[in-house]
Each structure stands twice: as C-alpha cells, then as structure tokens.
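Going by the order they are written in, the chains are A, B and C; count residues from 1 in each one.
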Amino acid sequence: MSNVIEVRLIGLSKSFGDVQALNNFSLDMAKGELVALLGPSGCGKTTALRALAGLQPLDSGKIIVHDKDITDLPTNKRNMGMVFQSYSLFPHMSALENVEYGLKMGFRKVSNTERQKKSKELLDLVDLASHMNHFPHQLSGGQQQRIALARALAISPNVLLLDEPLSALDAKVRSQLRDEIRRIQLEVGTTTLFVTHDQEEALGIADRVGVMKKGVLEQIATPAQLYDKPATSFVAEFVGLTNPIEGEVRNGKINILGQEIEILPGSVTSGKAKALIRPEAISINKESNANAQVLTISFLGAMLRVLLKLNNGSMITAQLPSSENLNYRIGDQVLIRINPFPVFAKEL
Amino acid sequence: MQNKERAISLKKFETNSLFRKIFPYLGVVPFALLALFFLIWPTLVVVYGSFQNLEGGYGFGSLIEVVTNEKYLNGFKVSIKLAAYSALAGSILGGLFSWAIANGNREGYFRRLVLAASGVFAQFGGVMLTFAFLATFGFNGMLTILANSYFGQNILTDASWLYSLLGLVVVYTFFQIPLMLIVFLPAIENLKPEWKEASESLGGSTTNYWLRIGAPILAPSFLGALLLLFANAFSAYATAAALISQGSPIVPLQIGFAISGEVSRTNPGISKALAVGMILIVVVVMFGYFKLQSKVSKWVKS
Amino acid sequence: MKKIKRIDLWRWMIIAFVGSYLLIPVFAMLEFSTRGAPGERSADAWTAIPTFPKLLSSVYSSLQLAVVVILAVVFILVPTMIWIHLRLPHLRRYMELICLLPLTIPAIVIVVGIAPTYRVLYQIFGSSTLTLSFVYFILVLPYSYRSISASLFSIDSHTLSEASRSLGASTIRMIAGVIVPNIKVGIMSGAVISIALVLGEFTISNLLNFETMQVVINLLGKRDAATSVAVSLAALIFAFVLLAILPTTNRSRSSKLKTNRKAKVAKYE
C-alpha cells in the first residue's frame, strides 16, 4: 500500500425521493489499499460503490481516479472490475469464458494467446483451473464468486469493487473466501473497495474501514482505531459488542460502578450518560463488596461469556478467557471491575 | 399389553396397512377419471379412428388419403404457412413489446393493465376477433371508410384481402402478440441486471452485451415461444371458421367440415386422420418447446 | 432535471405501435357498434342486446359454465395437486404431463375424439351447456396447473402441513385452512384465466352444437353485425376488468423491497 491517492470521492450526494442515500460523502483511497464500507442496509454503502462504478448517477459530487475526473464517464470506460452479491457470472458461459469476457473487448487489443494466458493465470490464482470448463450452475456459490473475482481482475482494473460478495454464502465458506480475497488483493495490489454489513468481515480484511449511517460517513479509520477509539456512539455500538452502563460524566471522566474512566472525544461532556464498555474490558473478582450476580455462563471454547446482573437491575455481558471456567458458578455474587481504557459515553 | 390385546392390535395393523397403502391414491381418483374420459380416451379414439376406412372398414386408407390428396396436402401447406408467418410476426412484435414492458415500472399500473389485456386477447375467441377485424378492415370497416374518404380508391378499399392468407396472418398475429408477451416476458425479466452491469464494468458496450449475453441467454426462450406460437396458430379453428364462409383452406377447417358434413358419412376416418396429422405436427413442435424450456431452467438455477 | 433517454423513446415507440395494432380493432368495434344516422352516434346496437333472447341466455349459460369450471378447479384440481404434492410426490411428473397435454392436443382434435363421448352425455344430461364443463375443465388444466403449482412450490407446504398436523388439525382442515389460503394467489390467477378461456371458447361448443355465448354471437353476426360486435366488446371489457382488478401477482415484502431498489438503482438497457 503506497501513499499515492488513487481514488477520490468528493462530496457525493444522491437521494431517492425523500430518502437521502448519500449525503455529501467523501472518501480517499490510496493505491493498493483495501477500504471497507461498513454499515446497516440502507446506509448508502452500496450506492457509493455503484457511484464509483458509474452505475449510479449522482445528484452532485466528483469522482477522481488517477487524477482524472471520471464523474461523467460511462461505466464501460472506467476499467473497474466488479463482483456482485449474487448472479455475478454469465450463466451461459463456462468459467473460462467468463474470465475471458473483459479481454475480448475490441478496444483492449489483446491477442488471443495473451488472453488465454492471462485467463489461465487468473484461474490459477483463484485455484479453479481444474474447473475452467464448468458452467456456473455446476459450481458452488464460493467457486462462483472466485471466478467472478478472477474475471474482474482479468482486465487489470484501476479499482476492484466488491459489493457484499460474501453475503450470499454459507458461514464457513464466507470466512475462508474472505481471507482468500485479501490474499489475492495483496498479491495483485489492486486498490479495492469492499462493501459489507458484516463488521467481522470488514475489520478482518480491510486496511481502513468506513462506517456509514444514513448516507453519512461516520468514521473512517483502521480496524483497531475503530474498535478502540470510536468517534460516535453508532460506530461504538455497530463495531463489536458493547455494554451500556449508566454513570455520571464530570471533567472528562465518567463514574461507573465506583470507578472513574476516561471518556473519548465525541462523548457526552457532562451529566448522566451511558458508558459503552467492551465485554473483554470487564473483569470479575470474587470479593466481598459484590456489585453483580452471575446469571449464565456460556462456554465458547476459546473464551467464556458471562451474563451478569448489576445491582441496579441492568444486564451486562463479560468475556473471559475460558481458563476461568471453573472459578464461577451461576448465582455467584461477584465484584465487577472495568479496565481503565477510554470509553465512549453516549446519551441516555 | 396382554397377549390377546396384542394379537388384535396386530391384526388391525395388518389390514390397516393394506388400506393405508391404497388410501392416498383414492385422493387422485376424481381427477384421474376426468382426465381419462375427457383427455386420454378422446386421443385414443382419434388415433384408433384414423385407421377407419371408407364404408367403415379398417386399414391405412384414410391416412394415405390424407397425405396424398391434393386438397388435404394443400390444407396442411396453408396451415403451416399461416402458422409460421403469424408466429414469426407475433414473436418479433411481441418480443419487442415484452422488452418495452420489461423495462418499465414493475410495480406500476400500466404493466398490470397490459398483462390483463394480454390475458384476455390471447384467449380472445376467434369469433370476436373476426368481428373486430371486420369492424376495422371490412367493407364497412372503420379504417376502410377512413382511408376511402382521405385517399379515395386505395389498397384497403377492396376488403377481400382480409379473407386471403395475408388477412389471416394479420388477424392471427393479433392474438399471437399477447401470447408472446405472456410467455416471453418472464424470460426477459429473468435477465439479471447484474449481468448487464458486469458486462459494462468489464468494458462492454450495450451492443456487446446484447450480442454476447442478452441474445444468447434469451435465445432458447425466444425459440421456445416461437414454437408455442406456431402450435397455437396451427391449432386455431375459431378465427378461420368465423372469417371464411366459403371453402376450407386450412386443416382445422377441413376437420370441422369433415365432422359436420358429408365426408363423415362416407369416410369417418378422414377427420380422424387429419386430426392425427395435426397431433403429430403439434407434438413435434411442443416437444421442441419443452426441451428448450428445460434448458433455460437449468441455467436459471444458478 | 430529467433527460429523455434515447432508450425510453424506443420503448414508447414500440408500445405505441404494438398498442395500436391491438387497440385499433377494439376501438373499431366501439365505432362500428355505435353507428347511427350518418354523422351521428347511436346506442341502438347496444340497447338491442336484451332484445335477442338467445343472446342473453347464452351469456348467462356461459357465465354459469365459467363458474362450474372454477368450482371444478378449486374442488378437484387444487386438492388433487396438494395431495400429490404432499403425499404422492412420485406421481407429480405424470400429473404435470397430463395437465400440459391439452396444450399439445388442439381443441379441434379433442372435438373429433370426444364427439362419441358427448353423444352419450347428451343422453344423460340433455342439451344443457353445462355439460361442456367436463371438457372445459380439461382445457383450462395447463393454465390453472401452471399458476397453482408455481404457488405451491413457493410456499413450504411440507412444513406447513406438518405444523398443522402436530397441532391436531385433520387432513381436510389442513388443506382447506392452511395450504389453500397460502396459495390463494395461484388459485385466483388460474380461476381468472379459466373465465377468459370459457368465455372465449368457440371451437368445441360450436362443433358439439352447444349454444354458448361465442356460438350465439357467431350466429347473430350473420343477421345483425352491429349488435354482435357490441356484445363481443362488452364481453371483452368484462373479462379485461376482471383480470385487471383481481390480485394475480404475489409480491412478498422482501421481494418488493428488492425490486424497488433494483428498479430505482439499476435500469438495464
């Protein structure tokens, strides 16, 4: 990943009737970077991707790729490979023919031998050379998406666009393919925009993740920054799990369960608020001045999830290493302590 | 359980199991009876009866008569021509129409009305259809009169063209177009937008898309629809019966004439032989149609 | 600011051309049936309709016929299809074949083969047009079968039937109360097409000498063209209104959202 800015989306806006799909949306992408757009359905992430592809006309805004303004350029001149959520492949063509499609376009001036060589290379890259004469209906969902990826890369695109490519697949295939996509993307070095509603997916493979809500980019940062330093309550709650615990904010700190924890910028600055605490930031201790009771304990293999009831009635979930399994029983009265990392405090 | 009770319940189970096996099949009996008496049996009657001869004898006489007699051969020729031309016209116009409708608002009222109208027109009895065209192009038809008043003597003035092969083709196309819409619209709507978008993103223009993707994918459905239209026109009786009062240029009319007229008394096998001829042609055409349909569904599964 | 895209122009041109091909004859029917003194319009042909007794009675009997056929579809075809779908799945292919057979056997051929059967039926039932309901039921099979089976496949009938059985419902209760309401759309669609077919059928009724609406219109046409055209137009409009207002498409919520988004976001050419 270099420092050269390859793609600039500047002030994109688009509304459908009274729904604002994109609201002055701006994003820069560096060459070779994989940026994920994350958000619930209707947040505008797909609209942004399709605008970049040229499939979505905009009300206003500019799109600059390679220092060229392509806002008014039709899709077939943008040289961007795209993988769709479903029905990506042409059903009447074999895998090989699908991959070759882009290279058959006259204006690319690719000779037959070059085309065949490149296509086979790509099929090797996605590990499906043995299936090259199979038709889409003979391939599994995961295989189809891999062919779609190969097809998109065949044209050596400026930008690779992935519109929820894994959403229609089984869970197991999803995580496998996710890593493969990242591996291939790094190998080929294409600037990539990856749209998803699954935060695990986004955080797992992206260099940077942009969280979107109602057409607005709430925060764009590395996965770690998003997780540890969310800029808004939406980001804090959308990414990872949170436990809202009530407390009082004063002087840049929130007082919960008798502890003073620092609050992140963007939080409520004074008065009553809810601190958003990560499950792994909660430690459980067997001490006399208990402030919670154990309700359920779920053994999840590598870790333990404990549901606790605080003295004020609210319920929180803590996450512990499973080595602590034998230490607690349902019904135990325990003392909760919050690890002193800065947290986001949202309004009640 | 006591031994005695056990024995009784076992016996019940045994008789019950035979009953249980047959019972489900009883559910389809009413339908099966109807299908047997009003579909299977008539077909057998026709096939069997085609072997009937002059004066009620048996043999290939009727069948041979049907394929050698100039009159009947001509009937088949005209029927096939009529069916082919109207199927071609109907599939092309109907195909374009389907594309135009498919590109519109899928939830809108317009589309709904168009589909409703198509359903009616496709079933539009030949009688009503004939009247409609007589009202338009007949000697006293609306367009004939309009053309006469504007252009004086013109090609529409002599309305007898309506009774020729050309007229029949024009009239038949009227119900072919809606049928095409009904059969082909789903195929066009099954073209996933993703395919066009993928083609575009890979650098393909609209022409590229239609040439390499749209047309090849639609081809089986289009051909299938074409065959269906052919079979539909070939089998049509009502329109011709209402339009043509003299002579019987097409096979269905010949059959009708054969059933109700003189011919049936001297050679009862003729109508059935003609019918067998029709069945053969239609079955071959429909076989092609079904084959193409299954090919399409194989792709769509992906 | 909306630009008129070139493609929309093509669309409307095609719709206009084909539309006129289809609508001009209909309009001509209206024009023809309302001709009065030169230069004037008159409703004479229409008001004359009730004066032809055979006409009204044939319309009535055709409508009755349509009702009987629909009843047959609802009470014989639907239960049989559900039954086979749930209990005798191996028979499904045969049923499908039988139901599609009428498409391959032209009406004219059916008439030839069915004439002897109807001679017998004539002895039993007399000349009532309702006797046609038997053969009409067969004629509507392809259309009704297709729409009902599309509905049956789109719902998970096995799960529904098992759920209702586990709650104690009898077989009839399950079919009538659970399955049927869910395939209502398919049944309606099949019923509506049946109406159009019955009202439009001429070949068989004519050659078997039954006086259905079409047959009478045809006879009448030789005497009073204007009134026959008027009745034809009326029947056409009636069938059209019926098909237009009855709900014949099943749009589940999720598919509606999807198509809306797709329609707005991606218009393909």
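The definition used in the following text is that contacts are C-beta pairs under 8 Å (C-beta built on N, C-alpha and C of every residue); 3 or more make two chains touch, one makes a residue touch a chain.
Bear in mind the structure is a predicted one, so any value in this text is a computation, not a measurement.
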Chain at maximum distance from subunit C, centres defined as averaged CA atoms: A
Pair of chains ranked first by number of touching C-beta pairs: B-C
Centre distance in Å when subunit B and subunit C are each reduced to the mean of their C-alpha atoms: 15
Geometric centre distance via CA averages, subunit B-subunit A, whole Å: 53
Numbers and ranges of subunit B residues touching at least 2 other chains: 197
Per-residue overlap in subunit C, given as positions that touch at least 2 other chains: 266
Interface hub residues of subunit A, defined as touching at least two other chains: 55
Interfacial residue positions of subunit C with respect to subunit B in the complex: 7, 10-12, 14-15, 17-18, 21-22, 24-29, 31-33, 76-77, 79-80, 83-84, 87-88, 91, 95, 98, 100-117, 134-135, 137-138, 192-193, 196-197, 199-203, 206-207, 214, 217-218, 221, 225, 228-229, 232, 235-236, 239-240, 243-244, 249, 251, 256, 259-260, 262-263, 266-269
Touching residues (chain side subunit B, partner subunit C) in the complex: 24-25, 27-28, 30-31, 34-35, 37-39, 41-46, 49, 93-94, 96-97, 99-101, 103-107, 112-113, 115-117, 119-121, 123-129, 131-136, 140-143, 173-174, 177-178, 191, 193, 196-197, 206, 209, 231, 234-235, 237-238, 241-242, 252, 255-256, 259-260, 271-272, 275, 278-279, 282-283, 286, 290
Subunit A partner contacts - residues on subunit B that touch it in the complex: 192, 194-195, 197-205, 208, 212-213, 216-217, 298-302
Parts of subunit A lying in touch with subunit B, wherever the complex brings them together: 53-55, 74-82, 84, 86-92, 101-102, 104-105, 107-108, 135-137, 139, 144, 148, 151-152, 154-155, 161
